[in-house]
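Note that subunit A is present in both complexes that follow, paired respectively with subunit B and with subunit C.
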Partner chain A sequence: MRRFFYIPLFLMVLFILGVIIALFFRSSPVEILKALSSRETMYALRLSVLTSIAALLVSASVGIPTAYLLARESFPGKAIMELLLEIPLVMTPLIAGLGLLLLFGREWLGDSLERMGITVLFTPLGAVIAQIFIASPILVKSARAAFEAVDSRYEQAAATIGLSPFRTFCLVTVPMAKRGLLSGIIISWARAMGEFGATLMVAGATRFKTATLPISVFLNIGTGELESALACAWVLLLAGFLMLFALRMMGEDRTHDSLAQGVRL
Partner chain B sequence: MTEISLQRITNGILHEVDLEIGSGEFMVIIGPSGAGKTTLLNVIAGLVHYSGHVTFDCKPVEKVPTYRRALGYVFQDSMLFPHLTVEANLQLAANSTGRNPERSQSAKALLKLLGIEHLRKRLPRHLSAGERQRATLARTLAADPKVLLLDEPFANLDDRSSSVLRAELKSLQKRLGLTTLFVTHNIREAEELGERIALLASGSIEGTFTPDELHRAQNIGNLYECKEKACCQ
Partner chain C sequence: MKRILFAIMALTALAPLQAPCAELHLFAGAGLRHPVDRLVEEFQKKAGHKVVSDYDGSGRLLAKISASGSGDLFMPGSLFYIEKLMKEGKIASFKPIVAHTPVIAVNRKKADLIKGFSDLAKPGIRLAFGDPKAMALGKTTVTILDRSSLKEKIMSNAVVYGATVKQLAIYAAQGEADATIIGRADAFQFKDKLIMLPIPKEYFEDETVAVAVLTSTRNPAEAELLQNFLSSPEAIETFKSFGFLPLE
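Our next item is the complex of A and B:
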């Protein structure tokens, strides 16, 4: 029976290969490379890298302590909080963006932030916030699984040799959860780099201002500049391949676990 | 050296346990599986909740977190940190409260003392069970504890390794004058190691004995369940 299962496997592989071939062989490499070195693509690339790194830093500094707490402690309302933290995973990014648009609009937080000199909507900061909203729950889920995999008795053993809880966390727990944490960081970074729907709603689509790589693809398709769109797509694909390669390097089994934990609902 | 006192310790497993462990004394707790032996050690280490009072040198330690109790705890499984070499495990314990050159030196001496100097660059997964327990004991001592708690540390070892390590532990304990509480379900081990032996059954202390008294006692089998007695002699 198993050999029949090769048919759907080959169909899936062909489907994905078809998409990749279409992206890579639609235009000549010379045209793509020319578009790739254009100012617009370079701006989009720089903006994507900067916003996704900023989003990743915020997501990691908030998400890792959150994940540790969820992995180790029981407290009232934990189940509800867990559910809330998973909502962005099932929310359509466009709807998440609409929510952020309203939250940071004039009627809610917008006015107070404006008075402090902070403008979120239709700025690169809006792109960062959209990416944080989408990527941080993925990081929390992966990091939590990584912390849960560390036997808490190691932390007890650390306490019995005189290590404070903070030093135990830094010197024992985090190094032991390192691989899982790195997987989570890579997956959430990839998600932030590729974020489109929420970013479009919150940051808008303005060339040389808020156009990240995915938004650049969208804008260029809209204006019929296929080569520019494909150049951005190539960069995103290459980044994706590099991240997949990094995950593979960290151990195939772990990768599958983390990927599954990162996206499983 | 530290004197330990337990007064009316009660939680889900222990029932009104009173126990005094003298300064520098080697006390063994014996009892069948599920009697609450590990829980008793966890109470002293501050790793579980309980009601009652624990004092170290007449000072209550209820509000003292585990990492400030100046105790060493050898668990049944070695619990060496798997991402660190043997030496790094010891150095982490030696410098647990900040860099301490004197303790770092004594950590190196401990490797020699326990005959595992040649293993210092190895990761725990590359050690045998006996080597792991030696390294764990060395790491525990590297933190310079005043109280030593051991939870069936040799249970997973073969008879020969276990016997050698028992002798080394006894000699080290005497030399360092550590107040020691050793948990086992093995009567022979208890007789060999303990200056005093407390029998714990169903969460209560049923009596304390000298090794000779334990050897002569006729009712141990009843308290200890015949099956346990048979397998341990």
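Our next item is the complex of A and C:
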């Protein structure tokens, strides 16, 4: 029976390969390279890298403690909070963007923030905030699974030898959950890099200011400049590929999870 | 004119006999959605053919048609896009319908601050514009500013550029921008939040909304029926009720 299951496997592989090949052969490499080195593409690339890293840093520093708490504690209202944390995952990003536009608009938070000198709408900061909204729940979800996979008896053992809870978290739990945490970080980073709908509404599509790579793709498809769109698409694809590759490499690393063994001793 | 009416009448009479009914794919500009939705519904009832409408920015629709080489009809917000496809030999015929007129849409709260075109150059005014390449109206905006003597001052008031006209309308209606340049029909849709100010006539030419039959159609007769219906006098009345102006 398993032999027949190779048919759907090959179909899926061919399907995805077909899309990649179609994207690649639409234009000549020379045209793509030319579009790639354009000032606009380079700006969008730099903006995408910077905003997604900023979004990732915030998401990780808020998301990892959140995930740990959800994995270890039970408290009143937990079920509802868990549900809320998953809403961005099922929300259309454009709607998230509309919600963020209203929240950070002048009638709600916008005015008070502006008095503090912070402008969210139509700025790169807006792009970061949109990316945080979309990417952080993904990080929480995978980090939580990673923490849950760590047997809490290791933490108890660490406590019995006199480690403070904070040091236990840093020296035992996080290293043991390292692989799951890193994969969560990479997936949410990729999601932040590719974020489009929410960013479009909150940051706008201003070239050389808020146009990230996905927005640049969108603008250039609209002008029929497929070469520029494809050039950006290729950068995004390559980034995604590298991230997936890094994930695989970490998967191979399984046997060297030395800390787990270290604590067991 | 009579021929069109006759065609529609004949169509109504023959509808039950026409089996199997055709399915038509219509690419229409996102800004035309409200009138086109209503007209398509009427057409489906009368003619018994199914119409699938795909709404998006005209430029992206053009890219879709170019890349896929399929579809039956194309109805962009400007003749520019039909002319572009014509050069590729993808247009069988086209018929103009109504005018797509740009207006200044001002948030009602800023109505006393912005009373005419030149007020857009006042310092501190926050403007939202369409991307000059990705949006038909963004292109028109550049023409308007080029012909005015206030281009630099007005451009320096731009706080954001958008990729679709509805996005700009939302920014102005929400008050995140004080004013924007969008189509009359787009401003009309938000008339409780926006007021419309005219742009001096000498700064622009009206864009023409038109409906074209694509050479890729597999149902040329049915596509032509829909084209005739969408450009008929009663269709123009429907467009007018949504804020479009008739062609001069």
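Observations on the structure shown:
The working rule: the second predicted complex is superposed on the first by the 243 of 265 C-alpha atoms of A that agree within 3 Å, B and C clash if a C-alpha of one lies under 4 Å from a C-alpha of the other, contacts with A are read in each partner's own complex, and residues count from 1 in each chain.
We take it that a residue touches a chain if its C-beta (ideal position, glycine included) is under 8 Å from a C-beta of that chain, and two chains touch if they have at least 3 such contacts.
The model shown is predicted, which means the values in this text are computed figures rather than measured ones.
In the overlay built on the shared chain, the residue A:Leu171 is in contact with subunit B alone; subunit C does not reach it. Once the two complexes are laid over each other on the shared chain, residue contacts for A:Leu121 go to subunit C alone; subunit B is not touched. In the superposition on chain A, A:Leu163 contacts subunit B only, with no contact to subunit C.
Which of subunit B and subunit C touches more residues of subunit A: that partner is C. Touch criterion met: A:Arg153 reaches subunit B, while subunit C stays clear of it. Residue contacts after overlaying the shared chain place A:Gly18 against neither subunit B nor subunit C. Residue contacts after overlaying the shared chain place A:Pro65 against neither subunit B nor subunit C.
Once the two complexes are overlaid on the shared chain, A:Pro29 sits clear of subunit B and of subunit C alike. Common to the subunit B and subunit C interfaces on subunit A is no residue. Across the complex, subunit A meets subunit C through its residues 26, 98, 101-102, 105-107, 110, 121-122, 200-201, 204-207, 210, 215, 218-226. Put simply, subunit C touches subunit A in their complex at residues 57, 59-60, 62-63, 66-67, 84, 128, 131, 133-135, 159-163, 167, 170-171, 174-176. Subunit A makes touch with subunit B in their complex at residues 153-154, 156-165, 167-168, 171-172, 175-176, 178.
Listed in rising order, the residues of subunit B touching subunit A in the complex are 45, 47, 65-68, 70-73, 75, 77, 79, 81-83, 92-93, 96-97, 139-140, 142-143, 149.
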